[in-house]
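Next, two complexes with chain A in common: one pairs it with chain B, the other with chain C.
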Partner chain A sequence: MNYFQLFHLPAQFELDLTELGTRYLELQRQFHPDKHAAGSERDKLMAVQQAANINDAYHSLKQPLLRAEHLLALRGLKISNEQRSFMEPAFLMQQMELRELLAEISDAADPDALIDEADQQIQQQKKALLRQLQSALDANNPEHDHQAADIIRKLKFFFKLQQELELIEQTQD
Partner chain B sequence: MALLQIAEPGQSAAPHQHKLAAGIDLGTTNSLVATVRSGEAKTLSNSAGQDMLPSVVRYTADNVIVGHAAAADAVLDPHNTIVSVKRLMGRGFAEINADAEHIPYELVDQSGLVAINTIQGIKNPVEVSAEILATLADTASQTLGGELTGVVITVPAYFDDSQRQATKDAAKLAGLNVLRLLNEPTAAALAYGLDSGQEGVVAVYDLGGGTFDISILRLKRGVFEVLATGGDSALGGDDFDHALVNWLQQQTGQSTLSHSELRQYLVTARQIKENLSATEQLDFVLPLASGEFKGQISRADFDALIQPLVRKTIRACKQVLRDAGLDTEEIQQVVLVGGSTRVPLVRSAVAEFFAAEPLTSIDPDKVVAIGAAIQANVLVGNKSDHDTLLLDVIPLSLGLETMGGLVEKIIPRNTVIPVARAQEFTTFKDGQTAMAIHVLQGERELVDACRSLARFNLTNIPAMAAGGAHIRVTFQVDADGLLSVTAQEKSTGVSASIQVKPSYGLSDDQVATMIQSSMLYAKQDMQQRLLKEQQVEAERVLEAVTAALHADASLLSPEEKLNVEQALAALDTVKRGEDTAAIKAAIEHTNHITDEFAARRMDISIRSALQGHKVDEV
Partner chain C sequence: MAYSTKVIDHYENPRNVGSFAKDDPTIATGMVGAPACGDVMKLQLKINDQGIIEDAKFKTYGCGSAIASSSLVTEWVKGKSIDEAALIKNTDIAQELALPPVKIHCSILAEDAIKAAIADYKQRHGN
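The block that comes next holds the complex of A and B.
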């Protein structure tokens, strides 16, 4: 299913989230199972499936990484569920350094300062990669699409780091 | 000719007739039923004028007593008087028995599930809850002068799949048509939101007798969107009582209590708790076999006893804010729900944490039932002034057991429902034709730390080389928060068969047997009931397909249209008879004939929903 079509939005990386939210609610107002509770069993089942599709589509477009993956999938490049872990040595080095930084937090004299530092680094890298991702996807040709796929793989590392950092932050309370 | 026949059900259906629907708050301590009449949602009272029904069921040798009379007998007959049964719903014997010291009746192991040994034999929590539901439904149909078309039953937002399923089974056993299981905080938000027209982000803090929920919702133009939910499905006012019982035991020096004494201690504890909401210092009397024990307690003493429990709820509030990605300043209102929010320490702790004076303008004991009634009225198809949309979430992550006793999450908590997620599995042996899947719910990484929901056995997988078969397993959570699983082998398209073994629940067959052997139904009623169910469903199918034909006949070729009309005519004829199986078959046939038609209509309606939008924009 083409999620952009479902929400009647242009198939591109840049997206008006407010518009997406408005159209999502319009669709749910019509297809949510609550609107079909008095229907036959089959109608109810279909409403559940339809509403689940709409929720999934919304979820996929709302998050930049999933949106980019969906866009690539529509262009014939599937990267979800892949087990490719090859990365440039420089990138892996940077990841290791960030991981070391995270590992130091719990024993640090001033953990908050280290958390802030790690957070800043992660946010900076994420922003830069998202910018690169946007221009690669905007180019809309196979060569740039493969570049975009590489950027998505890198971004996944940063999203994971961010999650871990949030977990560490919680245990600090 | 055929057309005339199929026009008939549409005429007889009287679409604008007001249907009877009720909202039921099935609480740990008290239960209520409410309905919308003349546009206003109100709780309903029984013949004695009481709207709060104590959730207490007493089994005597030849009778079942529910409510006030049963509660009055709790001390007299603790073994056969079941209180707080909600805490046992969907739970295993082992997990409950571990801290059963405060349960004044005898628990037994019913093939892994917890059940209670009574004078009428072994009763499981589903059966006990069904008695409460049937009593409430009775109150409703007597007050409203007719049978209920459907009910909405509320459950704690933090209830897991087994607890929800048990609640639904209880309703089935009570002979009720469940339109929806609705989360209690969402019901409360609905009641408040429609009452006050409030918009913005609200927190609903719901501390009942046995469960605690905290939900964050965004209210905007009739949309009630749950952003995150959290809580503890085994924490509530009962635990305050238990803390007081322990304190009382220290005062009296009675270290062990009989079941009857425990009941008496609990009754006194609850009186102390309730009185301390209004006074700072209290003299109390505890009746004992050896005479009266007279004592004194201050609110500060009580606060010290419950402080750890209250702190636990505030920790859950912190977590849920984090999940919603919000700060306390962004919460505009806090709504208090549940009788236990009358405790002053709870109020002040909540007010302090959210830095907002909590909203209590609707009775915290009734607000959930009122919200449920509003939703029941909408779901049953009655016209409402409000075009509301409730978007709720799954409270706990769903996952699968993987190698080494680890859990892989398939659907994370706070995902909007309904939701469907697929996962692919492959065979690891040549010629493998079966596979076992273990579904768990919870946030932890280890299988043992999560709650086991069910084990699925996939069989009839086509025999292939190792890794050759790709089985796509789809997990679907519906709007009630209930999970269902389907599986298909991808290369051959063969649907693998699934046998479900719920870890803490009853199988469909067990529920059917319970219904058949139930005191609530005489045997001949059972046949009548099954027939009626099929007739009602046949009516729904006729109405739906007839309306579809009126609207979109152009989507069908003349031949297809004729087929549909013939199926409807046949269904209409069979429906008038009394052959349950034939009606069922005719429904299935009609569904089969109209599957493609329904799919085309769905497709068109999605497109037109969007085109309509485009037209609006221009």
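The block that comes next holds the complex of A and C.
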């Protein structure tokens, strides 16, 4: 299913989240199962199915990484659920160092300073990668699509780091 | 999801955690990661001039199964030649640790870490 089509949005990475939200509410109203309660069994079933599709589509389009994965899948490059290991030594070494930085926080004399440092590094790298992802996807050709897939893989590590950092922050409070 | 007793044992008492000096010519380093869960694994092998793995160390940031898989692998590779170590399959690791299907990728990560370390060794020793 093409989620962009379902939401009448252009199939591209850049997305107006306000517009997405508005379309979501419109579609939800249109296909709300209550509206089809008087219809045939088949109508009811279709409305339930469509309401589920609309929810799935909204959640995928809202998140940049899922949106990018969906865009690549529409172009014939499926990377969700892949189990392949990522093997770029320099990138992974940097991940290891950031993980080590996070591990130091709990014993640090000034944990807030380390949290800020880690947060800054993660946000900076995430921003840069998201920019690269945007231009790779905008190029819309197989070579750049493969680059985009690698950028998504890298971004996943950073989203995970961010989650870990948030957990640490919670335990610090 | 419950971890098997072997996973818990390796998780609570991980074998051979740590690092060797990266620039030591007898040390091979394999770095791998799993984008899906953000796990990062470093496996280092100390290889003598007969191509035998004398020692191994690992450092893994990830779930219990990823830590157990890498810990187990450091025990298994010791004393093996690099060719023998290259034959270790993720299915052997998964079976030994009784990993559930959703954690199979942790064993794949550990197998790939061995391969990456051997590739690093071969690249540095020019064959």
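Odds and ends about this structure:
As a working rule, the second predicted complex is superposed on the first by the 157 of 173 C-alpha atoms of A that agree within 3 Å, B and C clash if a C-alpha of one lies under 4 Å from a C-alpha of the other, contacts with A are read in each partner's own complex, and residues count from 1 in each chain.
As a working rule, contacts are C-beta pairs under 8 Å (C-beta built on N, C-alpha and C of every residue); 3 or more make two chains touch, one makes a residue touch a chain.
As the structure is a computational prediction, the values presented were derived from the model and not from experiment.
By the document's definition of touching, of the two partners only chain B reaches A:A51; chain C does not.
After overlaying the two complexes on the shared chain, residue contacts for A:H32 are found with chain B alone; chain C is out of touch. Greater residue coverage of chain A by touch, when chain B is weighed against chain C, goes to B.
After overlaying the two complexes on the shared chain, residue contacts for A:R131 are found with neither chain B nor chain C.
In the superposed model, A:K78 lies in contact with neither chain B nor chain C. In the superposition on chain A, the residues of chain A contacting both chain B and chain C are 81. Chain C contributes residues 29, 31-38, 40, 42, 59, 61, 104-105, 108-109, 112-113, 116, 120 to its touches with chain A in the complex. Against chain B, the residues of chain A that register as touching in their complex are 6-8, 23, 25-34, 37-43, 46, 48-53, 55-56, 58-59, 81, 170, 173. Residues 81-83, 85-87, 89, 91-93, 95-96, 99, 152-154, 156-157, 159-161, 163-164 of chain A touch chain C in their complex.
For chain B in complex with chain A, the touching residues are 150, 179-180, 223, 318, 322, 375, 378-381, 387, 389-391, 415-421, 424, 476, 478-479, 537, 540-541, 544, 591, 595, 598, 602, 605-606, 609-610, 613-614.
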